[in-house]
Structures are given as C-alpha cells and as structure tokens.
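In the two complexes below, chain A is the common chain; its partner is chain B in one and chain C in the other.
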Partner chain A sequence: MNIDITDFEQFKVVKLTGEVDLHNSREVKNVLLDEVDKQHHVLVDFSELDYIDSSGMATLVEAFNRSKTKQVQFHIVGAVGAPLQVLKLTKLDSVFSLLDSIEQAKG
Partner chain B sequence: MTSIISIDNLDAHYDDRQVLFDVNLQVNPGEIMVIMGGSGSGKSTLLKHLLALKKPTQGKIQIDGHDIGSISSKELKELRKKMGVAFQGGALLSSLTVGDNVRLPLEHNTNLDTQTIDIMVRLKLELMNLAGFENLMPAELSGGMLKRAGLARAVIMDPRILCFDEPSAGLDPVTSVELDELILKLREAMNMTMIIVTHELESAFKIADRIMVLFDGKVAMVGTPDEIRNSDDKRIQNLINRKSRDEEVDGDAYLKRLVTGD
Partner chain C sequence: MQKQSDISCKSCTSQLHQIRKTVKRACAEMAFDDEKTNSVVLAVDEACANVIRHSCNFSDKFKLKIEVYEEDGYGVFVISDNAPPISACAIEPKKIEQLEPGGLGLHLIYHVMDEVELMPPQGEGNRLKLSIKL
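What follows is the complex of A and B.
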C-alpha cells in the first residue's frame, strides 16, 4: 500500500494505492487524522485502490467523523470495484460523500 | 486457476472406524462450495480437516499453499487468521457480551486502536442486522441472532476463507433466506471463498457455485447445482427428493448384528 499526498485547489488529496488491511490501516488513520486536525479539506482518492478491509473502513469512519467536528470537507473520490462493493455492503455509501472525480470537488 | 483449497485422496478415521474414503476436492478462490450429505456422511469430519483440527490419516490437504499435514504451528497460526469459522450454534462465550465476543479475534490478533475495533464490531453487527445488540449477553438472543452473531465474529478479520457449519439449521424459513442472501453479499463484496456444510437443500441450491455430495464418507458427486439436480444417481435423487434410504437388508448379517453386536 502507498499513500501519496498532493494538493488540489483547497484540498489535500490523499491517494491510497494497493491494499488497505489490518497491517497498514493504522498508517492510513494517522495520515487522515493528521490532515483533518490541521483543518485541511480532504479528498481520499480511491481510484488506484484494489482492496480495503473493514479496519480500513473503520478508519475512514473515524476520520470522516473528525472532519465533521473540525468542520472541514471530506470526500471519497473514484471508488470502483471491490472497494465500492464494500462501501455498499456496509451501507457506508449513505454516510460518506462519494465523488466520481477530483474535478467534482471544485464545485 | 490455482485452487485455494485442495484435498487429495483424503482418508479419515476415528480410532479404527474409517469415516472418509479417498475424498478429492479442489476449491477455487471466491467459490462457494457446499458440502451436502445426510447425518453421519462425514461432512463435519471433512470440515475438521479443513480447519486443521484433525490431521489426515492418509492423503493431503493444502490450504492457500500450506500442507495441513506438515504445517508448523507458527504457519498454522498465520493461516488461521485468514480463515473464519461460524459454528452451528454460534459458539459464543456465554460470559461475554455479544460485542466482546465479536471483537475477541481483533483483540487477540491485531494492535488496532480500541475506537477502530469498536467501529469494526458495529459495522459487522449492522451487517448482520444486530445493531443495538452489542451489550446483550448471548443468553438473551434467539437462535437466529446467535447464529448471526457467530457469523459476525467469524468475519470480523475479513477472512479469505469462511467455513460455515449448518447456517440454516434450526432457523425459520425467512431468517434462513436472509442468511443465504447475506452469504452471497459477503462473497460479492469481499470475494471470500466459502465452504458451507449443510443438509438444507433449498439453501444449498441457492448459494452454491458447486456442491459436493457425501454418502457414507465417500464423494458421490461434485458438480454445479444443475448437475446435481439432473444426476441420475439414485441416492442423490433420494436426497433431493427427501426419500428415506431404502437399503436392501441382508438377513443373515442383520441377525448377526442383533445377536452378537458385530
């Protein structure tokens, strides 16, 4: 798994590549909470994510919840395939803000 | 495709009594394999071998590249983290709440934060329609709820392989259908390989990619639900049509059993 952080407009884009699972979800959590705590708006880029397990999903829930407290934007971008299926299975697609592309975050 | 589970020429015994005879089975990743057969056909014994609770007396079992007959205890521990088991009655620890039962594997095998674990437990309870039951004790749940709580615990680590013993036994028809749908959803989203032992025909035909039929410890057939339905094997048709076994009685042998017990 790789985590890349880039800038787009007012957002920090946190791109997750590969597989998020029990072994590395803590790393994802630290990065996301760190950005949210710095009052950054966050786009979590799922477009190159092959797999995310429930520890990864729980981590996103924690970060998303923190973003509400910190009043920053938090979107998941480009979820397809297995990660999208997991979002639907856990009904988290009704909790998170899901965007098709990074461009969509502009408007 | 490489099999995730491979059973070759497996024989199994309880002391002198042989219960499995030359069993062969290949299971593909993401496949739902249903093991079907009457009581005493060897289904549970086969499951015990897949969980490495029993070692083969003859033959070979490979799971995710590991030979179960010669696996080291360290490798077995790692392999078990990738395998979930849901037992017939749920097998929850009666002194722990539902939530504490479900979180047990995470507490033992990971170093995740408590809050992450809390959310993972609740996600799985939501999935099993058990939201809000976290703080109840197992004794306060119905049979169907216990089964779903057992399933929540079995999948809490997102296993690659799920073994499920009699998912629908003792459930009412509606709950049983709901559980079947949940099994299919889990496979679709998590791409889990599932070994499901059942004697519920309706459930088996609905969820299985392939079905293995066992009779008296021997594989009668492995095939898709359609192939099983259309089989001209009389015993399989009897099983499907719920006919009792109509075995010919050997009078002399019967008399001997009654008189001498042999």
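What follows is the complex of A and C.
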C-alpha cells in the first residue's frame, strides 16, 4: 500500500494505492487525521485502490467525523470495483460524499 | 467433498494479502463472478483479521489455516487456529446501529455468507466455517 499526498485547488489529495487492511490501516488513519487536524480539505483518491477492509472503512469514518468537527470538506474520489462494493455493503456510500473525479471537487 | 486449496500461515496481519490471493484463486475455480468473488474475499479476510485481532491478540505465535472446498452445493471456507477458544457469542451478529469498533467485520461476514458456524475444534483452538451457495 502506498500513500501519496498532493495539492489540488484548496484540497489535499490523499491517494491510496494497492490494498488497505488491518496490516496498514493505522498508517492511513494517521495521515488522514493529520490532514484534517491541520484543517485541510481532503480528497481521498480511491482510483488506484484495489482493496479496503472494515478497518480501513472505520478509519475513513473516524476521519470523516473529525472533518465535520473541524469544518473541513472530506470527499472520496474514484471508487470502483471492490472498494466501491465495500462502501455499498457497509451502506457507507450514503454517508460519504463520493465523487467520480478530482475535478468534480471544484464544484 | 471436493478440496480446492488451503493455506497455513502465522497469525500475523502481514499474511492477509496472501490469504486473499488464495481465496480469490479458489473463487475463480468455483466460477464465482467478480462481485461474488470480491464479497467472499472480503468475508474470509474479515474472519481472519478478527482471529488475529481478538483470538490471537495480535500475537504471531499462533497458526492460522484456511481450507477451501465444495460441499453439497456450497463453497466452504474453514478458518482454524490454535489460539485460546472463543465463545459462540463472540461471533453472534449485531445490528449495524449497535456495532462497536471492530464489529463491522462480523456484520460483513454475515451479510455475505449464507452460513456462519463455529465448529468444534480438532484438538486446540477454534474452527469457523463460512459457507456460500455455489
């Protein structure tokens, strides 16, 4: 799993590549909470994410909830395949803001 | 009973990737489509992660074994370990609004699989049988 952070407009884009599971979800959690705590708007890029488990989903929920407290935007971008299926199975697709592309975040 | 494959490994989260690969290959042999394969890989991964987290308490001194076979029209995935025994209530499903941290995995397992059964252990440890219609 690789985490890459770049800038897009007013957002920090946190791109997750590979697989997020119990082995590495704490690493994802640390990065996301750090960005939200700095009051950065966050786009979590799923476009090259192959797999995410419930520990990864719990991490996203925690960061999303923190984003509301910090009053910053938090979106998931480019979810397809297995990760999108997990979002639907957990019904979190109706909780998170899901965008098709990074450009969509411009509004 | 037609044996498909099995994998034995240490009770370590670094093994989850290899477990998923093995389960995915077994699903292909059972001719599951992509969506069903993704769901089954997730369910077995969540079960193994729960064993590592709760039964083994993140210690890698235990062993994990996943056996895959077809039986009476079901694809069967048996996860066994040599960790201290858990009680049957530890794998009882809870309503999604009652979930505590870590409980989401169990919810997913029950959502995906047709049958979830804690079997009598063969000697020490635990045996969890997950079945899904072929």
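Observations on the model:
Definition applied: the second predicted complex is superposed on the first by the 107 of 107 C-alpha atoms of A that agree within 3 Å, B and C clash if a C-alpha of one lies under 4 Å from a C-alpha of the other, contacts with A are read in each partner's own complex, and residues count from 1 in each chain.
Everything that follows uses one rule, which is that a contact is a pair of C-beta atoms (placed from the backbone, for glycine too) under 8 Å apart; a residue touches a chain by one contact, two chains touch by 3 or more.
Predicted model, so just to flag it, every value in this text is computed and none were measured.
Aligning the two structures on chain A places chain B and chain C in a clash. Of the two partner chains placed by the overlay, only chain B lies in contact with A:Thr59; chain C stays clear of it. In the superposed pair of complexes, A:Lys29 makes contact with chain B only, with no contact to chain C. Legend: residue contacts after superposition of the two complexes on their common chain; A:Thr17 is shown touching neither chain B nor chain C.
Contact with neither chain B nor chain C is seen for A:Ser47 once the two complexes are overlaid on the shared chain.
In the superposition on chain A, no contact is made by A:Ser97 with either chain B or chain C.
Applying the stated contact rule after C-alpha superposition, one finds that A:Lys88 touches chain B and leaves chain C untouched. Shared interface residues of chain A (contacting chain B in one complex, chain C in the other): 21-22, 53-55, 57-58, 82, 85-86, 89-91. Within the complex formed with chain B, the chain A residues making contact are 21-22, 25-26, 29, 53-55, 57-59, 61-62, 82, 85-86, 88-92. Those residues of chain C that touch chain A in the complex are listed here as 13-14, 16-17, 20, 34-35, 38-39, 41-42, 45-46, 49, 52-53, 96, 101-102, 104-105, 107-108, 111-112. If you check the complex, the residues on chain B that touch chain A are 109-113, 115-117, 119-120, 123-124, 126-127, 156-158, 185-186, 188-191.
Chain A meets chain C in the complex at residues 19, 21-23, 51, 53-55, 57-58, 81-82, 85-86, 89-91.
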